[in-house]
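Shared between the two complexes below is chain A, which pairs with chain B and chain C, respectively.
And then the complex of A and B:
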């Protein structure tokens, strides 16, 4: 192959193009924002500000991660219902299960993950079984979950066990818990990446027709992606309850668009195929850090919205340019 | 090979139903009439001049806002900046009017800003192949933020009398006892359908939505078409925002928020494919009527807001499952 191909001298001497992982810009952005926050606000590192920030960022980070497998599965895959589903689960935990006397944390985690996986399975069944377009299927469940949450709990209230409330308090034990959640997700995702499912997910997302022809169970892969996303949404719902110290049916829906923005910011391709949980988490964390930084600087919430839009645009332009560069180097 | 044999063994009607990408038009256009009968049977109070005109006025606002959403979906995109543009138009209308501007100057300013947003969406979704979902989400956030910053969050003001008149069931258009908003919707709908069916832009929209690469080879310029589509979308949203201001009598930057999903619902319930290239505004008109009738029906049943939301979600799922399903992947190879 190499012997018979005649190549221009310049191309031959150039080092082979190295592929840079998709998540690098998002991770760099998140790290830069952490550094910037530390410079602007010395209390962030010294007085335990970061522990509190990490706890309050966690629901958004998890929801961006929950969105990632669904978006990666392609076919216009998107989950608009992540916010309301997490809200409904926080209502279920903080407003119903805990006030009835269930305080065991492992049991609560199991309930939250189970309910989240069930919500994801409903979305997945609508999208892959009934073949309703993902945006409209999850818009339908968005409305259903939002309505159910308000119905179950018209006014904020409820409670969470001390062990959960401690997660969001910024204490040493709580921070350890937050980090433990992230480490568990990292380990679990690494394990998933070693399975055939990860390969099928990328194949279905890149070119579903080619994948189907090659024998990849596209529908099953997409269904599984929704269930995985749902399980992560369940954990996010549990943490929303922890951060609020109870439940509020109105907070869930507002997370949806931010989670999708986080996924895009994290370098996950919205047309599927490329991405992962690390990028999505970094994207979600970046959005939280921007908000955190601007509110520390006491910038009005109106400017915050402008800044949010501008960062989103700049970041996806950067991601797009990155793609172009890679495509040219690969060609 | 085995799958091919099973396909041929299926009855003719089943194969026909599967071979369609979008719902049969007749079904889509019968749905609003059927739902109207249900509405009249359950809520006789709707069957009055005021009741029917209120229904049509709400439909006019949603219908005008959904023009751009239809075209954005037809080219394989989506426009999430519609609520922000509606909010901008509404806030500018009331605050400028209160500040003593003439309506003409106010409308001109709103139109110019809408064009700027539309052009930004069109260019943004073309450069580097960015996803329109994110581009329009970002321009929407910037627009809402900028409106609130410019008005310092004080969005109060007054709505000009003729705008209120245009969206009240008792309003008149010249000598005719029909409110102006309704006439405006009919005229705009006629123009939009004409452009879709006969216009060069319409042809380019369908070409781009069906196959981007083929469209480029056929000398359709993707960026120019996208700019035109998103500009039309922003202008439609601006008109809808002004009308909504008249309807609600007040102003706020997030007045358009419900229209984020209701425009998409109207387009999809009408049977326009989210994959692009199939469907059109006539379907959206039926989708708009169905959406408004469903909402009125649920409100009329005296359900609380949360149950309305649950049932609306289920109804959308049922309707789309009936006629808006995607093809199986094996049939798209």
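And then the complex of A and C:
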């Protein structure tokens, strides 16, 4: 008798073909682009080439990662303010804190992460507390942070301590630092994945009604996603200051759309539930590599814009098609 | 400790519902609801559509905070502001919908919601609890490591049940949670419930299946129009008695005098067949339906919500595909297959949706634009249409339907519910349809509008229009329709007409009682 119930249920299920993890296309794309760059541009493998590229890619990679938890949390989650927030934090670090004599790197990291988390908390409170649609709420903070950065620092300038500037120099120590940042993120994210938060996050993004009625604190989960995204944005801001060797209030906003293109390219479902930091990082890295490749080939920056736009559209269409296909398989 | 002398005799109720009331805006869903669930009991909850069952379940599970009244758990007053809060009091609900997060594994779906924001709070040893629940429900524990996406409906429903079972529950609410299960899985669940209740845990069992209620429940509460009308012990709770208590009509007149409706019975069958369905199924697993609707006939569709009546209507109107068979309509030049709404409209079949706000009206657009929307292609010349002609049409149907609109250019949302419904009906009548398919056109409209709507339907039928009317009010169907198909489990359970069409017969059929009318044993009539 026991077997007779077990069997039909199991038979109806069929063993699903091992599904490809969401991040595989993005990682393959990024690896392919690295290989392509190495072939086209011999200087890339020469000493200093890839190290420099890695350092300058880092802010974009981090911002794509910052976008990931917010998008995964569902409910139309998106953070348009990541670029301006990172820009504002770079101004805070490079234009205000460092020139006033604070040079301790751990302290600067703490300030950047704290300020980023605060910016994320503002977005999260607007979205979950006041129920402002995410795209509107973060468009509002986008404008506020942009204005604030320009107000604080109308002209480029400022400074960063040598230890930070080193990160972007392509030197051995700097490269080690860049790798350290990535390793720390991998470790921290792995730690987060081992908590219940990861499940709450994916559940809230995948089916918020199911999550809510099952007892998942959906609003707090989404709020936390914004705060985590904000903290990563803070690190990105610090690295923008490092790459610039100071601060420039105008560079932040342009990162936003590329970061969003990065998550989409990274296989993170824009409707929530599926994704992670690895895919987003690979997506962000791919976009940087495309940019790098095109500028090496001396393609005009207008064409670069077009390339970004096309890549973004292709990524989103492919992403949606993936969602659609999976939904069909489920039916 | 029950200190009051009145209560001292019996044990304390596990959960008390005391005069709970709830309204959604101006709609009253629960007006006065009180009953106790005793520890160790399986308590049934039964009522017709709109009796407030689902609202009560939402209140008990923390999805809705009631507008009035209170709940008590083991004698302590309790307010459930969220499902989380209800669960912290030991009240765990399995909802009618299969609420599954597709991106998660089956195991994570079982564990869902048991944790804090970051902290894992594995219930009773985590891994083992999920496996135990699966084994108890007769599911292969290996399924736990599969993705939830792509699992069958039965497995998905069992996963939501397992999710509840792994919690430390004191009261388990099963809201129609057995509909997708086969008999064996259902019996396992019932055995499981039987074992668990011996340690003082209770179950609130909401079901439309009388035989399940009889089999399982120690007591049952009947809801009628948002009120708890009776709580019966097992001995008293016979099917006949429960059905009688559920029925809202005790001597009072129905929504309209039934006499004219009855008088039409003979005339209706004289028209030619207009709409024909053969081997149509609401879902792949439904029984096939074969029906014919004639010119001038008003054909009713009844059934509890979720039993397929609404889907059947959409199949008739070409808005939904039937996995087998076909629906055809007689047109000027022979039979045309109904497939896709656009073509159906061309062949004279129109559909008036039930949800005015979501599927029907454009709230902020003027009355005129709402009314002429469907007929626009017919009055347009080279893509342009005359505003004057649109006003004429609006005036004409406004008169016919007696729409009270101060300003036909004002937004339709300013009209009363009844007038909005008339505008929506007018939109489709403007096409001069041969077949009018209507989804509950009198829901949420005032009594006067209802009476006018019945007169309108009869008038249209007299003109030869074939009408298919789904209604959640049994009395309305009995009064207006020539025949009524009662849906149950997404199939036609009975088609009632002539003398056999009565309130009780429809109600009994909705609850799967084949006897139809009390004392009149004509056997179950299969759908023709």
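We adopt the following convention: the second predicted complex is superposed on the first by the 296 of 331 C-alpha atoms of A that agree within 3 Å, B and C clash if a C-alpha of one lies under 4 Å from a C-alpha of the other, contacts with A are read in each partner's own complex, and residues count from 1 in each chain.
We adopt the following convention: contacts are C-beta pairs under 8 Å (C-beta built on N, C-alpha and C of every residue); 3 or more make two chains touch, one makes a residue touch a chain.
Keep in mind the model is a prediction, meaning the values are calculated, not measured.
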Q: Of the two partners chain B and chain C, indicate the one touching more residues belonging to chain A.
A: B
Q. Between chain B (first) and chain C (second), which, if any, makes contact with A:196: first, second, both or neither?
A. second
Q) First (chain B), second (chain C), both or neither: which does A:321 touch? A) first
Q: Classify the contacts of A:224 with the two partner chains as first (chain B alone), second (chain C alone), both, or neither.
A: second
(Q) Looking at A:300, would you say it contacts chain B, chain C, both, or neither? Reply first, second, both or neither. (A) first
Q) Between chain B (first) and chain C (second), which, if any, makes contact with A:215: first, second, both or neither? A) second
Q) Is there a shared patch on chain A that both chain B and chain C touch, and which residues make it up? A) 209, 212-213
Q. Touching chain A in the complex: which residues of chain B?
A. 78, 80, 124, 127-131, 133-135, 137-142, 144-146, 148-149, 153, 261, 264-265, 268, 273-275, 304-314, 316-317, 320-321, 324-330, 332-333
Q: Spell out the residues on chain C that touch chain A in their complex, using ranges where they run on.
A: 61, 63, 82-84, 87, 93, 95, 97, 99-104, 108-109, 111-121, 138-140, 142-143, 146-147, 149-152, 154-155, 158, 163, 182, 184-185, 188
Q: Report the residues of chain A in contact with chain C in the complex, numbered from low to high.
A: 1-2, 4-6, 8-10, 12-13, 15-16, 19, 195-197, 199-200, 202-203, 205-207, 209-217, 220-221, 224, 269, 273-274, 326-327, 329-330
Q.
Could you list, by residue number, the parts of chain A that touch chain B in their complex?
A. 76, 78, 126, 130-133, 135-137, 139-144, 146-151, 154, 208-209, 212-213, 218-219, 257, 260-261, 264, 270-271, 300-310, 312-313, 316-317, 320-321, 323-324
